[in-house]
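First chain A sits with chain B, and in the next complex the same chain sits with chain C.
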Partner chain A sequence: MAYKTAAEPAVAPAGTAARPPDTTAPPAGPARRSGAWTPWLYLAPALVVLAGLLVHPIYQLGLISFLEYTQAQVSGGEPTTFQGLGNYRTLFADSQFWQVLLATVLFAAACVVSTLAVGCALAVLLTRVRALPRLALMLAALGAWATPAITGSTVWVFLFDPDYGPVNRMLGLGDFSWTYGRLSAFALVLFEVVWCSFPFVMVTVYAGIKAIPGEVLEAASLDGASPWRIWRSVMAPILRPILVVVTIQSVIWDFKVFTQIYVMTNGGGIAGQNLVLNVYAYQKAFASSQYSLGSAIGVVMLLILLAVTLVYLRLLRREGEEI
Partner chain B sequence: MKLVSRIAATAAALALAGLTATACAPQTSGNSAQQDDKSGTLRVWLFQEVHNKPKEQVVDAAVAAFETAHKGAEVEIEYIPVESRAQRIKAAFNDPKSAPDLIEYGNTDTAGYVKDGGLADVTAEFGAWDEAKDTDPTARQSVTVDGKVYGAPLFVGVRALYYRTDVFKDLGIAVPRTQDELIATAKKIHKEKPDLYGLAVGGAYTYGAMPFIWANGGELAQENGGSCESAIDSAAAQKGIKAYTSLFGDDNCPAAKCAAMGGNAVITAFAAGNAAMAIGGDFSHQAVEAGAVKGTYAVVPLPGLKAGEIAPAFAGGNNIGVLKSSSHRTLAVDLMKRLAGKESQGKLFDAMGFLPTYTDVRAEAAKKQPFVAPFIRTLGAGAKFVPASPAWGRIDASLVLPTMFQEIISGKKDVAAASSDAAEKMDAAFTDAG
Partner chain C sequence: MSLIPAPLRVRRPGRLLAEAAALVIAIVVAFPLYWMVLSAFKPAGEIQSTDAKPWTLSPSLDSFRRVFQQEEFGRYFVNSLIVAGTVVVASALIAFLAATAVTRFRFRFRTTLLIMFLVAQMVPIEALTIPLFFLMRDFGQLNTLGSLILPHIAFSLPFAIWMLRGFVKAVPQALEEAAYIDGASRARFLWQILFPLVLPGLVATSVFSFISTWNDFLFAKSFIISDTSQSTLPMALLVFFKPDENDWGGIMAASTVMTVPVLVFFVLVQRRLVSGLGGAVKD
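Entry: the complex of A and B
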């Protein structure tokens, strides 16, 4: 790693925390053994919180996915029974599940690419405009970021309403209904998702760009590099750890989109054409009280996201990066 | 990779710790009552209506009489929002300690709540109650599961055809007498007045669509020996589905707008003056009165296949039931009788326009308020009910029927394919529910 960046120090404290026993502890046997536990002692509070808030729910999720657990079982009307992989079998035999999964993957991919493109472009723009427009852009972005998803979605639906929406009037689309067609409905939701998640990318990348030493950029432009070339060959490599974090975050967020689909397409669109995995899981788990089937969907989502993240980190490592 | 392997190791350790530290099964609550107290506080959940004040007054009167009759008993009424009722009532079943003693519930939920183990069997008390003998058969069916009674009907709701008298007069057309005429009239109106929906329909308006299926001799499901089997793909039902979905399109209700509409959207469109006809309930009367069409509309029963026939309507409505977990069973049953008794239902009709479930009280009501006459005639012609299966809640919540209609309307599938897919989903739910 050639450059000091924001992401790197995160690794350092963990590395040094393991070292003290070697340097400070006296060489006597018993003391050394107690020293080996010291890092765990320091980590204990965080681990306890993690275990309570993260591991336990995931454990329950996994457990419920192997049971027959519907409203009747929760309220004691019928005994809870072990189903083995029954819920997963039901799920994988359901052709709708595969359609929804495919739609979710494609939709999330489109959202991630668009969000990153818009976020990075605006971050670069931020470094090139004067203070006042920069402030205005920042405020607009923060406003979008701070808007609750429900509010944002409702406003966007109104903006694109076939009867009263200003967008159709401005574009001269008449009473074109955005939510009727499958692609146009997904496009509408994509606009909203990009709108509310680009600020995170923009602000993070902007901070990263500001941390790039000025002389590097200056040298590049003295060598006659175009702005695109500077981004590709200087900024992007330096910003790589930041871009990795931002990408993983976006993948996770966009894969789990719920509110926007639920509000804007009225719970999954005409005949369920706009269902994504999370809304599908909600329909199964809560609307129709099949908690066990909903849990199975949750587990599948968890595994997919875990796999995507691990593969991504693996690929980066192969290219010689360490984060 | 160092970080990754470290995370993996930690996660494994934590998972082990989690396994040993926590209980191994998700929670299940016991819902049987321990005692039957004759004093103390009774908690009641009723639905919050749009204009709730008049309802409160009727309830308060019944409660006052109850409290006078039972010294030492107190009643705490809470009005819960209709939209979030499912979560609230599920939560009540899950946590008997904070559950109410008495609840108002939608009659399509009866079988599901019974299966969930939430409602108490009051067959004996209902049978011994003198007023109950006047309860009309459809209402009685809506509190009955497998021959046992789980509550008392509070009111029925039924839908009929609202139409604009001024538009009909303007175009010189007569009120349709058959289903074919209804469809032809709707298209004719839209042709003459393109900014009006002829008959406002919605792809998600299941209860507006059911009469078309029933009028053609179709059924949602066939009951045989305690278990249900879907009949939505039968030839007769398909004819009804075809008739209903033929109303979507540029010649009546454009699919791009109407496919997503539900019952409320349909009534809103009619009340705002955007539709010449709409299928609406007696309970929609207030909303329509408050709209732009006040004074220029009338209501008739929805026509059936032949002139003079009435298409069977869906008998909606609410019931009042005692929770199985109640520790005041005797008191709760008495309060249920008072709230759902003839006197309260008569007052509730005057205050809210809710149709009484007793045939004699209903006849009385029709004399006082002529607007309910077409609804009562619809009920008299034989209203129908959703399959009394615990699976209905799941079929309803997973939008099986709206999905079917929307698939046909948007041209994704034809009637045969969409209805056989819907039947498959319904059968899966029926099988799971046992």
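Entry: the complex of A and C
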């Protein structure tokens, strides 16, 4: 779930600029010589694994969402009955579902905007400092990046602990409990998410800025442009392909936040006030044994992310990225 | 560094301000990790103190001792290593073959497959916990490490294939032709020439499958339901969360133990990546 990589996007600027249009098609030479089966032979293990553990579960997820599937069917041996869209009707009639959906969208949006703002700002900052401060910031960011989501979550909860945490003391907040209120709990999770996701944006955008010819930025600077103006009018337009990639990656990733919410708000907060779709589906299925409702929520998530992916593919195509 | 435009280099006060900001931000970003390690070494009395200090004068290994002795932590650690290690090796080999197929051959449905690999990366694996739970149950895999290994291989493959493409493509076609002219078989070219050349890329890819598997918390929680001897590290960490009073020393020590291998892996791989393809292949 944390496929946050700098590698692919980082090569994008150089690739789109320098790659001749025809090199992406594999050469026909030796491939012709062998049987047409060879590529499929090489692909077979991957396709078998993906069919069994990705495609089939997706099909099952859809199927379960149309069935009556609760504890009675799982362990009681009762026959499953086809519900049609019944589970979806139940779900859409539940005001909590809409509340959670809204919270998920707003929370993901806040995470994406904050991550991008912090990541881009620090990327620009990196270009304006000498090697030592740059190394310090890079190392700190790599540390945050490499930290597992679960340990990051526990550490941040501890940092903001009302009794023993240093943050409340430094800010003079007394024994203010961050996880008690809905907004403050979401804010706390947001801090952790931004902390562990901004390095990806920073490193990627920094690589992109370094690929911009120095004269361009020099010219803008000589013309008296402010750093903000340089970013908005020069860097951002040139970096558009990279920004598209990091934005979509962040959307996909932040929409699926699970571990942080689960660990930091103890399974979705007081009375489920901090639930997001992912945790909601999990709680429905595994805490209250309503597997079909949980699956229906999963399908909704899948469809939303599929829509995001299609937008991503279109944007990639428009940028001329060859697949 | 020479890429930094000259005028920016000249404005001194501005740069000093930027450097001060960078250092302060670096400290803020590193602070949670520092606090984690610090708290792991603090004696119990100092952790449960409402007057937390950013240093300790009497470091102690008590928390680590609690982690390693009481909670079967070593077992969890080994389980995590087995799961992550198997996933890394298996997905790297499978992805290498698949990436070779989609980059060095031309065949029908090639583009379709590539788009599918891309789309597959976006699938929220958390949403698939429910059907995977039933799949594992039907195959009697619940409570086994296999129930963690198999899904993670599947979920790391699409990205690994996608990322390896570039590395496989970078090996010059001429090398392949030369190998065949010298009488190498297809298998020999694949394993004795292409594989070593792509190895740095495989290592880079493996960082991501390692991290996502090592960090996995959802499958470990959902599929290992009764046999705790098959649990992995994240579960061991949650043991220290107690309803009445969290054992913060234990939590921080366990978090430290869990974070260190990932950091080590990051550092190791970065060194490997430096000796990339550039030196290995000479035209």
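In this section, the second predicted complex is superposed on the first by the 247 of 323 C-alpha atoms of A that agree within 3 Å, B and C clash if a C-alpha of one lies under 4 Å from a C-alpha of the other, contacts with A are read in each partner's own complex, and residues count from 1 in each chain.
Following the convention adopted for this analysis, a contact is a pair of C-beta atoms (placed from the backbone, for glycine too) under 8 Å apart; a residue touches a chain by one contact, two chains touch by 3 or more.
The shown structure was predicted, so the numbers you read here are calculated from the model rather than taken from an experiment.
Visitor: One more residue to check, A:Val244. First (chain B), second (chain C), both or neither?
Guide: neither
Visitor: Of the partners chain B and chain C, which touch A:Leu313 in the superposed model: first, second, both, neither?
Guide: both
Visitor: Check the residue A:Ala141 against both partner chains and state whether it touches chain B (first), chain C (second), both, or neither.
Guide: second
Visitor: State whether chain B or chain C is in contact with more residues of chain A in the superposed arrangement.
Guide: If we count touched residues of chain A for both partners, the winner is C.
Visitor: Per the contact definition in the header, classify A:Ile64: touching chain B only (first), chain C only (second), both, or neither.
Guide: It touches chain B and chain C both.
Visitor: Touching A:Gln73 in the superposition: chain B (first), chain C (second), both, neither?
Guide: Only chain B; A:Gln73 stays clear of chain C.
Visitor: Just chain B (first), just chain C (second), both, or neither: which does A:Leu50 touch?
Guide: Once the two structures are laid over each other on A, A:Leu50 reaches both partners.
Visitor: Applying the touch criterion given at the start, work out whether A:Leu302 contacts chain B, chain C, both or neither, answering first, second, both or neither.
Guide: Once the two structures are laid over each other on A, A:Leu302 reaches chain C alone.
Visitor: Would you check which partner chain A:Leu173 touches, where first means chain B only, second means chain C only, and both and neither mean what they say?
Guide: neither
Visitor: Can you list the residues of chain A that meet both chain B and chain C?
Guide: 11, 47, 50, 54, 56, 60, 64, 286, 313, 323
Visitor: Using the touch definition from the top, list the residues of chain A that touch chain C in their complex.
Guide: Touch list, chain A to chain C: 1-3, 5, 7-8, 11, 24-31, 33-34, 36, 38-40, 42-43, 45-47, 49-50, 52-54, 56-58, 60-61, 64, 122, 125-131, 133-134, 136-137, 139-152, 154-156, 158-159, 161, 163-166, 169, 195, 210, 214-215, 217-218, 221-222, 252, 255-256, 258-259, 262-263, 278, 281-282, 285-286, 291, 294-295, 297-299, 301-302, 305-306, 308-309, 312-313, 323.
Visitor: Give every residue of chain A touching chain B within the complex, in rising order.
Guide: It is residues 11, 14, 47, 50-51, 54-56, 59-60, 63-64, 67, 69, 71-80, 162, 175-177, 179-180, 266-268, 270-273, 283-284, 286-290, 310, 313-314, 317, 322-323 of chain A that touch chain B.
Visitor: Would you pull the chain B residues touching chain A in the complex into a rising list?
Guide: The touching residues are 1-4, 6, 10-11, 14-15, 17-19, 21-22, 24-31, 87, 90, 93-94, 112, 115-118, 203-204, 255-257, 259-260, 390, 393-394, 397-399, 402-404, 406-407, 409-410, 412.
Visitor: For a test of understanding, state which residues of chain C touch chain A in their complex under the given definition.
Guide: 1-8, 14-15, 18-19, 21-23, 25-27, 29-33, 35-36, 39, 47-52, 54, 93-95, 97-98, 100-107, 110-111, 113-115, 118-135, 150-151, 153-155, 157-159, 161-163, 166, 169, 173, 176-177, 180, 186, 204, 208, 211-212, 214-215, 217-218, 222, 234, 237-238, 248, 251-252, 255-256, 258-259, 262-263, 265-266
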